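Pasting the structures here.
Next come two complexes, and both contain subunit A; in the first it sits with subunit B, in the second with subunit C.
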Partner chain A sequence: MATTTPTPSAAKGPAPRGAAPVRRRPRGLGGSRGRALNFWLFTGPFLIGLIVFVYVPIGWSLWLSLHNAQGTVTPTEFVGLGNYADMLGDGDFVDSLVNFTIFAAIIVPITYALSLTLALLVHRIRFMKAFFRSVFFLPTACSFVVASLVWKMSLFNGLRYGMMNTVLGWFGIDSIAWLASPHPPWYWLVICSARLWLQCGFYMILFLAALQNIPRELYEAAAVDGAKPGWQTFRHITLPQLRATSVAVVLLLLIAAYQAFDEFYNILDEGRATWGRPPLVDLYLQALGANQDYGHASAGALILALLIALVTLVQGRFLGFGRGDEK
Partner chain B sequence: MSNISRGRDWDRRGVLRAMGGVAALGGLAACGSNTGRSGGGGGSIKQMYHAYGEQGTQQAAKKFADAYGKAKVTIEWVPGEYESKLATTLLGSGAPDVFEYHPDLQLVRSRQIVPLDDIIADVKDDFLPEDITANSVDGKIYGIRMIDDPQFFFYRKSLFEKAGVKPPATFDELIDAAHKLTSGKVKGLYIGQNLKTISKPLVWSTGPHYLDADHRIAYHTDNLVETLTKARELYKSKSLLLGAPTEVWDPASFLQGLCAIQWCGIWAIPAIQKAFGDDFGIFPFPKSGAKGRQVVYNGGWSTYVSAKAKDVDAAKEFVKWLWIDQKKYQQEWALDYGFHIPARKSIAAGADKLKSGVAAEAVELFNTHGVFDDPYWTEGMFNILLDAVVNSVRDNKSPEAELDSADKKIERALKKLG
Partner chain C sequence: MGNTGLYLALGVATVLFLVPFYLIVRNALSTDADITGESWRFFPTDLQWGNVKELFDDPSVPFAKALWNSTVVAVLHTLGTLLVCSLAGYGLARIPYAHANKVLYAVLFTLMVPAAVTFVPSYVLVSSLGWVSSLRGLIIPGLFSGFTAFLFRQYFLGFPKELEEAARVDGLGYWGAYWRIVVPNSLNFFAAISVITFISGWNAFLWPLVIGQDQSSWTVQVALSSYMTAQTINIHLIFMATAVSILPLVLVFVFLQRWLVQGVAQTGIKG
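Right, the complex of A and B next:
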């Protein structure tokens, strides 16, 4: 191959002038070709994984969505956009999108506020900082499924010996069957509290890292200019400095809310409860339940993917995500 | 430089080509396994069961499998949502060769199961005609009934006496009994939380089955609308046990004294007998409305052979061996762990454990009020109607509107399946 040329690569930077080309052949995996090989060696497995587990399924899903694919993943009956029309006309799927909006509207601001508050508290604390940081972060390590079962069977058990009902019992209040009916919608309390417990710690760490990056001089300068510590400093120094992190956190929270599945599925009777079904649970019931309707479910999944992309783009436009630091 | 960049280009193209090849192979492999009957059986058969609750069942299933001489049979014991897991597994390369399920037209139309007429022909008359019909589509028999599991209400006799209540014969009486039996820490009635199990007898107690003889919608009657409205009132009252940790297939709530009446099945009799002695009885789901009927749901399990089995004939041979020839094992499966009614008349006739006490009453209810599954009513249709029932009873939505909406979806499904 021509690549065995003795000329050293210009890309390698200044070669020692006048020095004899002692090591002509790139040793091991050095050299440009070697670098290319290195590149593929390191990214290859990931790329293959990406193609096999992400792009092929997306393509397959697109193909399924255009076919009548009940009980098969290799369908033959082409139905065009019929599945898309059915899904958009299907009350359950549209309802689940509405459910998501309600869920996101509740969970995103609360998680944001709570994790920021936790971060501020942990940031300011003078003793046992590492302890509190760990304590609040620890629930992130817990599985959503395990937490859901604890919430459902122990904390919010509908019987009199459930933990919350025991507490209510001390005040002479009747037991509440938290998850039996959506009237009143106690299930939101169960689901939101589980999710807050699980995810606040993670976002707290993100905020904490950002807080530690705010230069102290800014606060000192503000103090010299007469800014009062507390709300005024927080409003005019801390919050603007957290802008980039805030945008990222809101984006991540929105995507996480879109992807909600585990706690809804496990807390609400394995998806049997007809209320509080997020889009993924609805699609799961379409495709992977006894329905086996991969055509409709794929159409729904692509509608959902488009929606997520759209929301992300719109959010990026308004909040300036990815525009780099703003002065 | 140019040489180097050519080399790099070649590398990139090469790698991409290789990756494309791998992806295509992956796709082909997936397709292949999906259509695949090819390849020899290799002398192994994979059999799938849902997780039976009774102790010893898993070991028994394994014992039967190990006793089969012609192939190595491996058991997959699936806890949790069996129907969903089975439906998904059936599409992939890890599909079981033999599995238990309920009769379902969808499996036939998707060509996921094969007819078993040839292996059952000689002993067809030894099965209940209803069990044969429940497993037949277009005149072919697709499943072999393993056990019959009638489901009904269990009640505590002492609590009934104390409250001056008799076993209810109508839905109104059941509601009334639930109210009267609720006191302090004991709730009157437990029908499950997700209503999955109770929805069947609830609908049938109004008179019709889901579909008529011509496979058209029959469930939607004024009586059902009225019954769902009453069920909503019952659900809102404080007389139902709600939020129990297990569904009604498990008698735990009844055993723990959380309720006076619970829907469950014949399999629970030994456990309940052990806990309460003679202090319990059973009654069918009471009739609802003038045109209603008392209902016992004749559930149970049948065994099927996957069309994708590595060797369909070998799988059929195994099914014939276990569920037709090995009467001793069939008897053990039905009677030695929990109670089930053996599907074979000849075995049921000799089942002494089912000839006395509550078990005998259960067999009597099975014979007099039993309603069997309809293979043309698929699991998908069941879920659509279940949603309508749940929306009406648990979510306070209009039963009429919910049933109308279910009708449309079910009609679409019926049309699709032909």
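Right, the complex of A and C next:
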């Protein structure tokens, strides 16, 4: 890199140091060549990495997805869109998309409501604000693996000594085998509650920041107009003012749900349970399982990427992506 | 809702949010008999501090090695990301160059491609470089986050231009102005991003699982995950390992809470 940086200030001739009243132009920065060099100096390392570790894999993925690439990454047999058709006809992959949809339908609205509620509560109190904020945010320090461990081996353990079953026992309710079978689907409760615990604090902080930015005058004006504090002001002032944040939160939640892997993999026995298997676990097993089927896994990954793009676009259309953004 | 009601609701939520932490500590300091005993105990009969030693002495899972790997990975991941992404963000925000917009679009495009979806070809690429089961493989591919670069760009757009112009009148180039003026005046933002990046590096699971095929390259998360299927390990050791694994981050939380909260707020609002 040293060779590409003839420091502009040194390269240019001596600046008229004596010409005091004339406002000097910054030295060596005017030339477009100098700017180009500087631009690449700053962005070059990042761009090279981006190309090698993001663009090349995307391209490779595209290429693999069009080939029969089982157990090899340099396939020769071109199969066109066959892998895509296979994946869309494959029960497990389609099931995983359905599972994702169920998961998103549960986790997105509940996280939204709970984190907003926590933010409103914390925002309204005067004392111990920092304490409560910290408590709700603290789970962010834990990984999904940690949460899975606690949930699976202590909180929702199927045996008597799981905490939930102990608590149920106090009320005379029999122990529940939370993860033993898909009927009834208790595993959704286990998985969703783990994720709720982990992510609510994070989104609460986003809402708190947004709540602080709502001008106080709006509430004062509403009070003058006779709006009762509580539901009315919440519906007509707070919620509309939170619009931009809400759009961002819902989008982030959807994308995070799409990429769910850790807790499903760990809670449901390395994803071996075919029920409750989300797309990423399915693709992981396709690519790194016994078959090492990179062609099908790549096709599945691209289908998934397309779906995410589609959801983003649809959400943008309906919720006015960025329209509510102040700046 | 009155004030009492508010605090009551928050109190209940606090208890619920802290239950998992209580379980981790309780189980970590118990004997297996206490954990799985007939009747539920809120506290272990006798705190088993020896569990710490037992965890690190257990030969079946190299937990100390995993801790070391996670530390190296998270620290280098953070430093590397900060360096590479902040430079790129500055270049994109500040240096007028004919093709800068094209580069910006190339960065923005990667935001639409979820990183987790490209793990298959990334794995293929990294394994063809011979980086499987190595720290290089764990760290380097994760450094080039379009999202982080974009956050830095947004931040630098709002950085007061006057400061840099003064520096340039004094004869500093972009490079000099960046290191001597921009960075020292942006430490809060760098701190916020570094805390978030450190946490995501420490807690990452899918990529370390894919890359860490030898036990010697396991991170803490992969080691923890391996406990869940292992038949031999004792339950108190699993929870001691969990406790040890979250301790560094809880400390980060306690000491850097301000930057963390500020950083998260910035990510969400300005991103």
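Methods note: the second predicted complex is superposed on the first by the 285 of 327 C-alpha atoms of A that agree within 3 Å, B and C clash if a C-alpha of one lies under 4 Å from a C-alpha of the other, contacts with A are read in each partner's own complex, and residues count from 1 in each chain.
FYI, contacts are C-beta pairs under 8 Å (C-beta built on N, C-alpha and C of every residue); 3 or more make two chains touch, one makes a residue touch a chain.
This one's a predicted model, so the numbers in the text were calculated from it and none came from an experiment.
Novice: Mind working out whether A:301 is in touch with subunit B, subunit C, both or neither, as first, second, both or neither?
Specialist: Touch status of A:301: second partner only.
Novice: I'd like to know which partner A:166 touches here: subunit B for first, subunit C for second, both or neither.
Specialist: Touch partner of A:166: subunit C, not subunit B.
Novice: Mind working out whether A:73 is in touch with subunit B, subunit C, both or neither, as first, second, both or neither?
Specialist: Both partners, subunit B and subunit C.
Novice: With both complexes overlaid on chain A, does A:224 touch subunit B (first), subunit C (second), both or neither?
Specialist: Neither partner.
Novice: With the two complexes superposed on chain A, say which partner A:139 touches: subunit B (first), subunit C (second), both, or neither.
Specialist: Touch status of A:139: second partner only.
Novice: Which holds for A:197: it touches subunit B only (first), subunit C only (second), both, or neither?
Specialist: Second partner only, subunit C.
Novice: Residues of subunit A touched by subunit B versus by subunit C: which partner has the larger set?
Specialist: C
Novice: Is A:181 touching anything from subunit B or subunit C once the two structures are fitted on A? First, second, both or neither.
Specialist: In the superposed model, A:181 contacts subunit B only, not subunit C.
Novice: Just to be sure I read the superposition right, which of the two partners does A:36 touch: subunit B = first, subunit C = second, or both, or neither?
Specialist: both
Novice: Could you list which residues of subunit A make contact with subunit B in one structure and with subunit C in the other?
Specialist: Of subunit A, residues 5, 9, 32, 36, 40, 47, 52, 55-56, 60, 73, 153, 159-160, 269-270, 288 contact subunit B in one complex and subunit C in the other.
Novice: In the complex formed with subunit A, which residues of subunit B make contact?
Specialist: Touch residues, subunit B against subunit A: 1, 3-4, 6-8, 11-12, 15, 19, 22-23, 26-27, 30-31, 34-35, 81, 83-84, 87-88, 91, 104, 106-107, 109-110, 112, 185, 193-196, 235-236, 238, 242-245, 258, 378-380, 382-383, 386-387, 390-391, 394-396, 405, 416.
Novice: Spell out the residues on subunit A that touch subunit C in their complex, using ranges where they run on.
Specialist: For subunit A paired with subunit C, touching residues are 5, 7-9, 15, 24, 26-29, 32, 35-36, 38-43, 45-47, 49-50, 52-58, 60-61, 64, 73, 118, 121-122, 124-125, 130, 132-155, 159-161, 163, 166, 197, 201-202, 205-206, 208-210, 213, 245, 248-249, 252, 255, 258-259, 261-262, 265-266, 269-270, 280, 283-284, 287-288, 294, 297-298, 301-302, 304-305, 308-309, 312.
Novice: Across the complex, what residues on subunit A touch subunit B?
Specialist: 1-3, 5, 9-10, 32-33, 36-37, 40, 44, 47-48, 51-52, 55-56, 60, 68, 70-74, 91-92, 153, 157-160, 162, 174-175, 177-183, 269-270, 272-275, 285, 288-293
Novice: Can you list the residues on subunit C that touch subunit A in the complex?
Specialist: 3, 6-7, 9-10, 13-14, 17-21, 23-24, 27, 35-38, 40, 84-85, 87-88, 90-92, 95-98, 100, 103, 106-107, 110, 112-114, 116-125, 128, 140-141, 143-144, 146, 149, 165, 168-169, 171-176, 178, 199, 202-206, 209-210, 221, 224-225, 227-229, 235, 238-239, 242, 245-246, 249-250, 252-253, 257, 260-261, 264-265, 268-269, 271
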